[in-house]
Amino acid sequence: MIKKELMTVINQLRIAKNIFQLTVEGELVKEMSEPGQFVHLKVTEGSAPLLRRPISISEIDKEKNQFTMIYRAEGAGTQLLSAKKPGDNVDVLGPLGNGFPTEQLKAGQTALLVGGGIGVPPLLELSKRLVEKGVIVKHVIGFETLDVVFLEHELKRLGKTYVTTVDGTYGSKGFVTDLITNYELEFDTTFACGPTPMLRALETLYSHKPMYLSLEERMGCGIGACFACVCHTQADPDGTSYKKVCSDGPVFLAGEVVI
Amino acid sequence: MIKKELMTVINQLRIAKNIFQLTVEGELVKEMSEPGQFVHLKVTEGSAPLLRRPISISEIDKEKNQFTMIYRAEGAGTQLLSAKKPGDNVDVLGPLGNGFPTEQLKAGQTALLVGGGIGVPPLLELSKRLVEKGVIVKHVIGFETLDVVFLEHELKRLGKTYVTTVDGTYGSKGFVTDLITNYELEFDTTFACGPTPMLRALETLYSHKPMYLSLEERMGCGIGACFACVCHTQADPDGTSYKKVCSDGPVFLAGEVVI
Amino acid sequence: MLNVQLPGLSLKNPIMPASGCFGFGKEYANIYDVSQLGAIMIKATTSEPRFGNATPRVAETEAGMLNAIGLQNPGLEKVIENELTWLEQFDVPIIANVAGSQIEDYVEVTKEISKSPNVHAIELNISCPNVKTGGIAFGTVPEIAAQLTRAVKNVSEVPVYVKLSPNVTNIVEIAKAIEQAGADGLTMINTLLGMRLNLKTGKPILSNKTGGLSGPAIKPVAIRMIYEVSQSVNIPIIGMGGIQTVDDVIEFMYAGASAVAVGTANFVNPFICPELIDALPERLKELGFDHVSEIVGRSWKYDRKTAHYCP
Amino acid sequence: MLNVQLPGLSLKNPIMPASGCFGFGKEYANIYDVSQLGAIMIKATTSEPRFGNATPRVAETEAGMLNAIGLQNPGLEKVIENELTWLEQFDVPIIANVAGSQIEDYVEVTKEISKSPNVHAIELNISCPNVKTGGIAFGTVPEIAAQLTRAVKNVSEVPVYVKLSPNVTNIVEIAKAIEQAGADGLTMINTLLGMRLNLKTGKPILSNKTGGLSGPAIKPVAIRMIYEVSQSVNIPIIGMGGIQTVDDVIEFMYAGASAVAVGTANFVNPFICPELIDALPERLKELGFDHVSEIVGRSWKYDRKTAHYCP
C-alpha cells in the first residue's frame, strides 16, 4: 500500500564526493517489500522545488522501522535534501513500483548484480535478500572515478565484488561490461541498475539468461497516473502499447520494454 | 550605506501570540544610525517566497554588532522567519530609509510615542535615544487584544506607558487616540507608527504640534528604484509629485504626504 | 455547504482532479476513496489509441512544470470498455476530456463517450498545445472554436464544457464565441506554452521541445482570465491552474469559478483532493460564509458579502 | 569573452537591468559601480510626467510578482535634464524605454530622448499592460505594432528595439511585422497579465486590479518565445523574464537572445547584475565556451558545439 508520511531523519552521511547516505524512520517502512522499489521525496514544504524526487530504497530495517537511501546531491532538490539533519522531516511517498523478483533463484545458484554510479544503491538490499536465501552473489559496480566510489565494502561482505572506474583511478579501468567479459563471470541471473547505456549493453550481451533491469525516467506523479515515464514494449516498439517505469517498473525483465 | 549580509541569528523569542522577537548579528549593524529605519529580509534561499519582507529595526546594540526586530508571523515569509534558530542565517538588506529625527527635541521636553500593533517595535530604540538625550517620553501603545500585547515592560522602564486594547481585555478599552484625548496627555512632539487609520486620526487631531509618522506600504525593491511604494504629497495631492515610503520615508513629517 | 449544481453535474463539492493529472482514476482509487470527489476529469480520449510523445515528457520549472505527454491514451473504445466501466463502481460523476486533430474526431468521440452512463459532461480539449497536428488552432481562433463547439453539441448526450487555452491575445472574445455556439460551460485554464533548455547540451529538455506550463507559477494568469471571462459570459466556469491550497480554491471561486480542478498538485501530494475537500468547510466558516456558492464571483459581483442563503 | 556588439550598442557584457526595475540608476549607483553593466534600460519615459496607479502596486505570487506601477515617471523633459545628464558620469550605454498612449507620444519622446548623448538605443514599450488607455493594443496587433515602429524609426537618432508583449496568440507574427517595419532589434518578454485576490476582502490586491507577472514563474514562457522568434527574424533579441542565475543567462542565450536583461531579481538581490557579470566567465568556461557569442541560439543553431572563434 502506498503511503505518504513525514518521516524523521535518523542519520545523514556523506559517503563519497556529493554522495549521501540518508536513513529515515517511520511507519511507512512496514509497507516495504521487494528490493528495488523506490520512494518519491518532497524535500521542502513550499514550491521550490515543486516536484518530488524519485530515489531508490537501498536498505530496509524492518525492526527499527528505518530505511536508507543513497543519492547524489546535484540539482536543487537533492542539494536541499543533503542539508537535512537528524530530527528533520522528509515527506516520503512510497513504497513505489515493482522491485527485483528473487523467487526464481534457488540456494546455490549464482546471481550477478551489476550497478553503475547512482544505480548501485538498490543492489545492497537485493544482495542481502539473495544471500539470506543462500544464493551466491557477485557484484560488479562501476563509477566515473575514484572520488565517487561507494558501497564497495558493504557489498564485499555479501559476495565477490568487482569495481570499475571509467578513468581507471580505482579498480579496473573501463565499463562494467568490459569487466564481466574479461573475467568471464558465470551466473544464472543478472540484476542491474544504472545508466541506460549500461543497461542496453548488458541486454545486448547477456540477455540469453534471465536479466532484470531497473530503469530511470523523468517522473511526474510516480504512481502511474500522469504518463510521464512510459516506454514502448519490445513486442510493439512503434505501436501504442506501453509500460510505465514508475508503476509497471522500475524493474523490468530484459526484453520486456525498449530501453 | 546600504549593505547586504547573511547575518546570524542570535536569539528568537515568541513574546506574544504570533509575535516574535529576533536578534541577529553582523557587520551591517555598523551602518545603522537613526531609530525608525528598517531592513529588508530574504527568509529563504529559493524563490518561495520570492520577495524580501520589510521589518523595522526595534533595537540596536552597536557594541555587540547586534540588532533586534519584532514581527508578527502571519504569511509565508514571516512564518518561515519564525522557524529560524540561533546559528541560522538571515539575508538582511539595510539599513533602509529615513528614521525618526530626534535633533529638534531638547532635554526636558516631552515626546509622545504612539504605536499600534506591529508598529510598536521601532518606538523602543527611539525611546531609548530620546531618554539618553534627557527628553521625557510618554508611550501610548494600542493592540487588538490581550494576547498580542508586547513591549509594555521595556517601554515602562523608559517612561510613562499607557496600553489600550480594542476589545478592552487589557489596559484601557478603545483606540490610542481615545486614550490620548481622555487623559489629556501633554507633549511637544509626537512620533507614531502603526496602522494607517491610526496615523490618520493622529494627524487630524494633533498635527498642530510637530509630528512624525512612520508609514507602511507594499514594497518591491525597498531602496527607491521600483516605484511600488509611492504616495502623493499633501502639497500636490492629485498631481505627479510623490514621495517613496522606502527611501524618502518610512518616517514623514505629518502634512508632508497624503496618508 | 459544499454542494454545487452545474449543467449535467450535481457535485458533492466543487473539487475535482484536472484532466491528465489523474489518469482514469485507478491509481488514486488505490490510495483513497474517489467517491469523495466532486467529479473526475479523465485523461483526454481520442478516437484511436495514441502513444504520445517520446520521453522526457516532463520538466520541472520554478513553481511549475512543463509537460508534453502528447495525449497518450488507449483510444475511445478501450476507454469506454475498460476505464469508464470500471469507474462505475464509484459514486462520482465523470467529465470526459475529448481531444482530436479535426472536428470529426471530436464529434466521433463525443457521440460515443457521452453515452456512457457515468459520463455526465464532456470537456472539449481544444487547447492542448502538445500535439503537433491540429489541436492548437481550435482554441485560438474564435470562429473555429465556435464551429467545433456547435458540431460537438449536436451529437453530445450530455452538457458540453469547453476548455480554454490561455495562449491567446483575447480570452474573452473566444469565450463569448464558444458561449454563443451553445457550450454549457467553460473550463479554464489549460497550460501556458513554455520551454526549458538543458544547460549541458543546449537542447530543450522535453523531446517535444515545447510543453505546457502548469502549477502555481500560472495561477495569477488563471485568476486574471477567470475574472475577465466570468464577467462576460453567463455559463459557469470550472477553474484550474496552480491550485494547491484551500485558499487557492477560494481565490479561484472569488474570481468567478463555480468549481475548481486540481492538476499538478496531485503529483506533489496524491491526497490533495480529499485534503482540500476536508479543509474547505472550516476555511469558509472562518471567512464568514455558510455555503460555497456565496463566494462565486465575489471579486466583482458584490461590494460586500451577500446575505446568507441555503440551497 | 563577454563583449557583445548589437545595433547601436557596444556592450562590455550581455547583462543589463530591465526597464522599470532599476529606476534611472541612482539607487543602484549608490551601492555599486554601474559602469560595470552591459547597459542600463531606464524606466519608461512618457511625454508628460505621470504619477501612475494608486497603491498597492505590487503583489507577490509563487515564484513571481505582479506589478501595476502605471508608468510613473517625471516626463520627457525632466528625464533628459535630470536623469540622463546625471547618468553621463558613468561609462555605460543607456537604452531608453519609451511609452505612450498614441503613436504621436512615442514619436515625440523618441525624437527628443534619442538626441541624448548617452542614449544608444530606444526600447519601445508597446507591451506594458498596466495603463488603461492605449499601450496594450500596440503590442497585440501586428499592423499597429509595425505602424508604430515605422513612425518611431523615422525620427529616432539611434537604433530602435521593440519590446514584445507575451500576451498574444502568435508572437512570431508580431515579431516579423516589427522586423519588416524596420526595427533594429527586439526585447522580450514583458510581463504576463495576471491577478491576485485578497482572501479577506475578495477583491484584487492591486488597486489597478490586474498587473504584470514577472519573475522566475514566467521564465519558461520567455524561453519558448525567444526560441520561436529568434529562428524567425534576423534582428537580435535582448531576452528577459525571470533571470536570477548565471545558468538562466545562459539558457536565454541558448534560446536565441544576444544579451539579457534582469528585472525582478534586482529587488530580491540589488547586487544581482554585477554578481552575474562576475560569475559568467567561469560558468562559460566550465561548459566549454571561450566567448559568450558562441552560445547564442545554440538550442536550434548547432547540432554540436561550434568551432571556437574570437571576435
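Read from first to last, the chains carry the letters A, B, C and D; within each, the first residue is number 1.
One rule holds in what follows: a residue touches a chain if its C-beta (ideal position, glycine included) is under 8 Å from a C-beta of that chain, and two chains touch if they have at least 3 such contacts.
The structure displayed is predicted, hence computed values, not measured ones.
For subunit B, the chain whose average C-alpha position is most distant is A. Of the two chain pairs considered here, B-D and A-D, the higher C-beta contact count falls to B-D. Between the CA-based centres of subunit B and subunit D the separation comes to 36 Å, rounded to the whole angstrom. If you average the Cα atoms of subunit A and of subunit B, the two centres end up 55 Å apart. Subunit D has its Cα centroid 46 Å from the Cα centroid of subunit A. Centre-to-centre separation between subunit C and subunit D, using Cα means, comes to 34 Å. Multi-chain contact residues, meaning those touching two or more other chains, occur in subunit C at positions 61-64, 216.
The residues of subunit A that reach two or more other chains are 47-49, listed in rising order. If the chains shown are joined wherever they touch, the resulting network links each chain directly to all the rest.
Only residues 44, 46-49, 76 of subunit A touch subunit B when the two sit together in their complex.
Touching subunit B in their complex are the following residues of subunit C: 62-63. Listed in rising order, the residues of subunit B touching subunit C in the complex are 47-48.
Taken together, the subunit C residues at the contact with subunit D in this complex read 61-64, 66, 140, 167-170, 192-197, 199-200, 202-204, 209-210, 213, 216-221, 223-224, 227, 242, 247, 250-251, 254-255, 287, 295, 298-299, 302. Of all residues in subunit C, only 20-23, 26-28, 30-31, 43, 49-52, 55-65, 67, 69, 72, 74-75, 215-216, 244, 264, 266-271 touch subunit A in the complex they form.
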